[in-house]
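Chains here go by letter, A, B, C and D, matching the order in which they are written, and residues are numbered from 1 within each.
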């Protein structure tokens, strides 16, 4: 290049729960690392606590930092579509992570997990782990499209498998809330065979409640997203945590890295990278265990 | 009375007036030094336009607080109104087509819903005599839930065709000044005039400083108070009209914590939380300070984004320290 | 004054006293009818134990509000203290081993940090004379950021060995009553005695009622006010000591919105938001009402979980309507 | 008055608020075992002088001498610790606290770390009994009548058992009987060697109790000496700086049409079955003891509290649930409680003056010019003295009262109910007020004057209603004797101010 500095804007949701925390960590770490590697690149990293703030951040990046590329993990798809489209119109490179925009063809690069797949894999595991069928309770995340997609995927997968969902409540991807909700599920239902916590933070909360209640009817808790402590327990053969379903927060690293490479080298990097959700079992857990990650 | 005596001294008066302005000026200077684009047209209009939502609401909040009230429900009220507006507009498209009339109906719905929500808060507070804090905490939960329920846990999106028709309301404008800025300016000017120069503004301050005295002076206390909440509701409706074209959607995350920001802006601007004294122009400065802090933090990357909140918190306190400087000495 | 005047009439006095209790009783009856497990030992201890965190904090908040103050920072203060405590304990394991001493140090850290944070709020409020709302809004942002930063955006987890050693502090107890419940009860009893039967409690009410009068009566207003914030900080520390062993972790989501819950509990309990009158036992009822609503909603599934918040909001308002019933007539 | 026996004194004290000096080189000396009266017009600087003597305000220049030694009080509690306490002109009670809590505020009795409530309650009971005040120690202060609040204030000061007791218009809100009780306490204190400084606009009391007398005018001491050298008339002349004529104007009522007709008015908890008729051009006096429910009755009439009954205004049946409805009908009530119900203490004169009649200045926007002119007018008409830009809370008590009067009159009511019209007003202004009230009647307005000052009721009214226990016990005509009123008000013979020796 002609020695000109290029600026990459990275806009992500703030670390309000474990997965997002991990994602924040990976974003920050990747930015730090790439700034070392590519002196001609400059990064702006902004975290947003709600969609409107995220739109503000993106506007600021364009107006004051003249970004050449934007890596965005939309808080929500709908509200970010227009603003990102405007960035695109300014000529910048767009990388969208995890949550697709509500309009096709804006992004140059799409790196994402697979939410319906996440639910499906979870549901399939649930069905196979309870071959006779059984009673389960479900902890849901913060009411969002992501959560809806996961739950729909899950429900589709357990359809006709004789699995009775006793109750679903929002645990908001939060340990404390899930602890409370699980305690109340335990009071309400004398017999629960398994819990789909749908997220490892919520699984931690649910496990705490189960342990405290001393109930032994619950055979296992299925979390998700691959928190290192939980992967470790699966790896160690903990019967309560027989499996996990990946939804790696490190996908943001992948996205930033590819974007950087594309910007520096003009290599053709556009396209879709869908990172499928994989079932983690004691057999393959080692491959998904990153002891240094905060998540 | 000694407090009051201090308040009247010219020195102190000066600081409470100059304080917030000074804080704002310092922030602007800091911004300009950090980034040459900061004072660029784009950034300035961006900042002003995005101040508009909270700003319009905060003007209404100034009246509510001046009259000794409080409203915690504005953020979720905005989310609910946005959701309702989108639902109504989407459902009208089959019958009315995706045209301006639908948008006008949507706007009317927003205004009516805002007014109704404000009146409801106000009626509960004045008729039942329940603390405003509790009533609006309750309605905050109710509206937040309703929008989640309307959106089925997800996001309500405005029909795409309609959106491009509606977008100019946020992005368009006249003479390069976008509508949100214009509307905000109009609301502020009207608000300032009402607060300063009308009976209504006077009554708000009287009720906030001593409800009993206002009552004995034949002020229709309940009606004035009700009107502050109704006006705030209406302004939330107006803010929502500007907000929907920007993001084209509403979800349970819409308007999160706006109430806190609006109240903070009002108080940074010098209005007294316990009522009795309010100034609209101060609120505007408060809103701008709050928005600018966020903007500034995006201009540079001195600090870990994790610490943004800390810097924001520190600046808020400092901005208020500036105006209270007189008091520290006594 | 009209409020207070009404308050004294016997009928109204009865309702303000009976109101919150009645609301609580109604909730309990509703719960018992809807689910037989509701009054089971397990559920009762669960509910009481989970009330403990907010409850302990709300007792302190009662004093702060009675003295005419407010503290928005308690939730993030708790998160910060929890984070700090975990960090300190983890870092001491190499040198001190994973034993009781480390836990004791951790507890000391929590108490000291709480006290320091409370004092800091208090000093800013009393010395600089800034509205409590602004100071604690600022410190709320600061602590929330600090814990995110300490946790590197993620979760701080207590060393596993230590956790099992520490867990009895939440899950253990004597005579089947767990420690959080015991500590909560002790805090409430002490709080009630201090509020009712010590000069400090009286000074709080006097300051909240009329600061000038308190000053004229040689009450050391600033010191009393400072002490309310310090005491609240200390209680946040105590609440955190109970909180950490529960799940052994802290993150930026810890203690989210606790401030709102604590303030709501205080006001549902009958303490006056503008200060001058407070009662600790009322606060306890307020906390129990808030916790029970959540518990009930989880135990039944009449409605879409999306609407939980709406029901919660409605019940909060109703609970307060019950105690204000007298006023609606006038 | 030799210096040797002086306990507390001011020497050449001046005091300024901002650029305005309100005290100019004041000298005053209190002797132990003597009652010293300080009198002067509204705004003369009496309260300011007293606050400086008791450490609530520092002097701008000059000295405060305690036992002949200059002292400076570090804070507001400091003087009290040295045995000097003060009853403020404006109520200084925490409204939400109980009587006992207020009396002991700042000096609670303790047993170990805890409050000794039984002891405090007993002591409170004892003090209140001494003052013949029947409120319960556990009553919340906000529910008390003005006079009971004053008794609580006095009890609070008595508790302190001080060497110097300073009382700023303690009798302004008291009736004759209560005043007698208070004066008895003052005599007891005098016997015990306490130095007492007090102010009052009721010159008969001053003549009655004072040993020493100081008269102030416009921030200066204009006369000081033995009280015995002055009679009421010469005091009044010295205060106002001119020859005082008759206090009350001639009654020249020519009653016109019926303005107000009340039948069977009841205010739950306070009064029952009140009925009377009021004509244009008439001044109707309402007398009664404290607690007879006069205030509440008329507040009920004006929609300020729940009431039932039949009311006709100018012949039309009226339903009045809110004060603004009363005002629309031309009916206004002027409160006896200027501090918590009458004025916004934190606001300026103009905002206060026009609050009740704001619609007059409302031309879409408020016409501040017209408001300023109205203020000019009110300042002249009512002789309001004080800095024009001041906050109302900083006006002297009497000037606040005048402003309150001006404020109500601005609404141009046809029927005016004035509750304790001259509370805290100096004798010169009082005379002006009486003239004004008479003039309003002559203009054809109908006026009700509720007053605890018998002479005022008698001197001003064309007819007098007497209330007792929430009922009207009789109606007298304008030249009734005090004795007749008191007989109706309490069913016994009047309490003489003078202690039977």
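Observations on the model:
To be clear about the criterion, a residue touches a chain if its C-beta (ideal position, glycine included) is under 8 Å from a C-beta of that chain, and two chains touch if they have at least 3 such contacts.
Just so you know, these numbers come straight off a predicted model, no measurement behind them.
Between C-D and A-B, more C-beta contact pairs are found at A-B. Taking the mean of the C-alpha atoms as each chain's centre, chain A and chain D sit 72 Å apart.
Separation between the centroids of chain B and chain D, computed from CA atoms only, is 45 Å.
Distance from the chain A centre to the chain B centre is 33 Å, each centre being the mean of its Cα atoms.
Among the residues of chain A, those in touch with two or more other chains are 14-15, 24, 28, 143. Those residues of chain C in touch with two or more other chains are numbered 1, 148, 152-153, 212, 215, 306, 308. Across the assembly, chain D contributes residues 340-341 that each touch 2 or more other chains.
Interface note: chains touch in the pairs A-B, A-C, B-C, B-D, C-D. By the touch criterion stated above, chain C contacts chain A in their complex at residues 35, 37-38, 40, 42-43, 46, 50, 148, 151-155, 157, 171, 246-247, 249, 251-254, 256, 294-295, 298-299, 301, 305-306, 308. Those residues of chain D that touch chain B in the complex are listed here as 17-18, 304, 322-324, 326-327, 332-333, 335, 340-347, 351, 355-356, 358-359, 361-362, 364-366, 368, 390-391, 393-394, 407, 411. Every residue of chain C that touches chain B in the complex is listed here, in rising order: 1-2, 124, 127-131, 133-135, 137-142, 144-146, 148-149, 152-153, 211-212, 215, 260, 263-264, 267-268, 273-274, 304, 306-314, 316-317, 320-321, 324, 327-328. Only residues 1, 4-5, 7-10, 193, 197-199, 202-203, 205-206, 209-210, 212-220, 276-277 of chain B touch chain D when the two sit together in their complex.
Partner chain C is touched in their complex by these residues of chain A: 14-18, 20-22, 24-25, 28, 140, 143, 167-170, 174-176, 179-181, 183-188, 201, 204-205, 208, 212-213, 229, 294-295.
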